[in-house]
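Per-chain numbering from 1; labels A, B, C and D assigned in written order.
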Amino acid sequence: MTPLSAYLILSAMIFAIGLAGALTRRNAIIVLIGIELMLNAANLNFIAFWRFSEHPEALTGIMFVIFSIGIAAAEAAVGLALIIAIYRHYKTTNVDEVNSLRG
Amino acid sequence: MSDTFDQIFVSLKHWLLGYLPVWSQPVISCLLSIAVIIVAFATLFAITTWLERKGLARIQNRYGPNRAGIPLTNISLFGLGQPAADGIKALTKEDIVPFAADKLVHFFAPVVLVIPVLLSYAVLPIGRNMVAVDMDAGLLFFFAVGAATELSVFMAGWSSRNKYALLGAMRAIAQMVSYEIPLILSSVSVIMMVGSLSTVKIVEAQSTYHGLLPDWFVFTPWGFAGFILFMISALAESNRSPFDLPEGESEIVAGYFIEYSGFKFALFFLAEYLGMFAISGLGITLFLGGWHAPFAWLTWIPSWAWFFIKLVTLVLILIWIRGTVPRLRMDQLMNFAWKFMLPMALLNLVGVAIWHFMTPGLPRWLVGFALVVGPYLLLGRGLMAGKNLAKRTYRFAE
Amino acid sequence: MLGEGIIKGMAETARNFLGSYVSDERLTTVQYPEERIPQIENARQFPFLLYDGDDWHAGMRCVACQICEKECPPKCIYIEKSKDKKPDYTGKAQFYPAKFDIDISVCMSCQICVEVCPFDAIKMDTEYELSTTDRFGGLLINKQKLSRSNSHFRQIHPTDAAEVDMRLAAEKAKAEAKAKAAAAPKPAPPAPVAAPIGA
Amino acid sequence: MTLPFIILAVLTIAAAVAAMSLRNLIHCALAMVGAFGGLAALYLQLDAQFVGFTQILVYIGAVAILIVFAILLTRGGQVPEKALFSSSWIWGVLVTVAVFGTLAWTIKNSFASQRVPAERVEATVKEIGDALMTKFVLPLEVIGLLLTAALIGAVIIAMRDEVKK
């Protein structure tokens, strides 16, 4: 069996990749994908901890991930709606160019 | 005697595995199951293409394919050689990739379309003890891999760099996403009744006989409504007429696989038909008692034969529908999904719950019946209200 | 919206499906290589060149006037005029086509060449089984292969052929009368042998 | 570490890197789907069947489609000529390196490497359903409310405002 630390390191790497993308890319949709990746990395952590826990029958990790997936779906829907609204207004999805609050 | 026939494939597999070294048995067992599923359903696919062309032709008072038979002879066998001829043609045709296409995505789209469709067969019980994987979350698995096909449709449409392909892909995705909801909700009714997502348990729950009729879910008010809703959504999910807008020949030529030819086109064709078989098989599993015989005195016919008899019957009905109903318009399609199918499926869930908690007897039947027919009449009439359904008059034509 | 229409339609298609097995009248398909529908008289496929008599070269009516070549909308006719002359059916010396090719892969069967021909030399054929394995050379048909005798023309388009024959006979009679009138004072020169009309 | 884990981990990381660095946005979205699929396979490897299939159903079946639609609606299908990375990318990289360093250091020094997996873990659908309906019924209701609110909110945000014109 793979040790817990391997899963945690993998999760940390995915989190770091998502963070790097979210912080450095200019396109808002890619930023959103990065955030989704970070959420997924956290989910992997929950599942791994659940699998290696002393009381797996409590199902806490699984439950957390199920709710987290639900929230991520809502977040994606709202986020993409915002991006589309911004695109309509500024004609761009570039986060660098969206820097003024005045319409 | 009937038991040997029933279990012939299972015992054959065990007998074969007995000759193999122990370490290789799990792998070989998997491979055998996969091979049998692929071969059986690919053969069914070949026969269905012929049946479909024949049936549609007869509905339109034509002959249909009646030439291709055994090569180099004059024996035509009612054109049964046609699938083989078509297959050879598709395999030997030139594979054309558009110059502007996204080559990698264009190549992978048909592959990632076929894989989920084949995966979905893993949870279908095609006979007693004949299911590739008896998963606890079998139905969820089926819908999860079914959802993956949407993306490959998009890949095909987008990578072709063709406006018709993109339009077709967009239509296909919109349609599949919309009809997935009534599809899943109508199967949730069965899940509520059985209390399990495992396909094997669902089939077991329908194994008893009640007087003349078997205890199939289709013979209950909610089950009948659920089956009809399920099959309508299944038609839309497998992009078949009357929901074949994604490939509407008269508008967008062939939809998302317009830029595919040769073997890749054959893969799309195969995936479409295999998807139709898989979803019909799921309908059988959920509502038509799976591999169970319809009457207690017919149980001597092997279970796998019953599954395939039911499957072919459903496919024939789908062909019949294709020969009858014209293609819907996009707004009609969406209205139908969101204004009729979704409320019906949700109300059906209420019907199941009430059915589940009422004691068996005539009142239960009456309430169940009222809970299906009432919404049906109300929704049907309500959607018709304010619509002019008189014969259309044309100002300039005629 | 209650679905009665769909049931009605399903019954109709089922009736057609079963009916096609019961009555052969429903199946209107013609099983082509074995069965053929006789062609109607005005059927037309691709042009051919008419000749009188038995010798396609000597009896060719075409005088290489090249009107059809100029009129042809898709430009599928190629004509080269001959250097020498040969006598036509009235006995008058005329040019003849040294080369007359029609590319029937280009031809659109419009019949304009037939309409413009002042000599009734080009007509429409009813032959339609022209498929070939060579799409470039095989469909470029030369003078010899284009030639059909007048009897063939009479066979495929009897009404049209009778009218043309009558007109040509009248013209020939006129030409002969003229020749006779011209020959009356002097002894007639040996008349060039022309195939009699409709031989 | 077992071979399936290494294969899945490498694939997931490669797909995640591709999703964050490719030039064409659609390619990014497809690579993201690969990363989500890899994570779903990892969940299955960890005996979390239900979560794995839910991951496929929600992320590949819904979120990926949503993202792809958003890319097409914002005309992101063409390859951008301008720079891919934002002007302050150096700070982003620094923050990322710092975060990853901290995480890795913590994991390495934590008790995680000594943990042993539970013997037999059963998370059947029935158990999950029971838990959702009893212990976790309040979060479930809240999630339902959140999803409804998100649905309405997304529709309102993305709706064209007809009034202004």
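Please note the rule applied: a residue touches a chain if its C-beta (ideal position, glycine included) is under 8 Å from a C-beta of that chain, and two chains touch if they have at least 3 such contacts.
Keep in mind that what you see is a predicted model, and the values were worked out from it rather than measured.
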Mind having a look at which chain is the central one, using mean CA positions?
-> B
Which two chains have the most contacts between them?
-> A-D
For chain A paired with chain D, centre-to-centre distance based on mean C-alpha positions, whole Å = 5
Please work out the Cα centroid separation of chain B and chain C, and write it as a whole number of Å.
-> 56
Chain C to chain D: how many Å between their CA centres?
-> 74
Just give me the whole-number Å value for how far the CA centre of chain A lies from that of chain C.
-> 77
For chain C, jot down the residues that touch at least 2 other chains.
-> none
Going through chain D residue by residue, note those that touch at least 2 other chains and give them in order.
-> 50, 54, 62, 69
Assign the assembly's chain-to-chain touch graph to one of these shapes: line, ring, star, complete, other.
-> line
Could you list each pair of chains that touch one another?
-> A-D, B-C, B-D
Chain B to chain D touching residues, read off their complex | 102, 105, 135-137, 140-141, 143-145, 147-148, 150-151, 154-155, 158, 170, 173, 177, 180, 195-197
Which residues, counting only chain D, touch chain B once they are in their complex?
-> 24, 26-27, 30, 33, 49-50, 53-54, 56-57, 60-62, 64-65, 68-69, 72, 77, 124-126
Listed in rising order, chain C residues that touch chain B in their complex are 1-3, 6, 9-10, 12-14, 16-17, 19-21, 26-29, 31
Residues of chain B touching chain C in their complex?
-> 55, 58-63, 320-321, 323-325, 340, 376-377, 380-381, 383-384
Spell out the residues on chain D that touch chain A in their complex, using ranges where they run on.
-> 1-2, 5, 9, 12-13, 16-17, 19-21, 25, 28-29, 32, 35-36, 39, 42-43, 46-48, 50-51, 54-55, 58-59, 62-63, 66-67, 69-71, 73-74, 76, 80, 82-89, 91-93, 95-97, 99-100, 103-104, 107-108, 110, 112-113, 115-118, 121-123, 127-128, 131-132, 136, 139-140, 143, 146-147, 149-151, 153-155, 157-158, 160
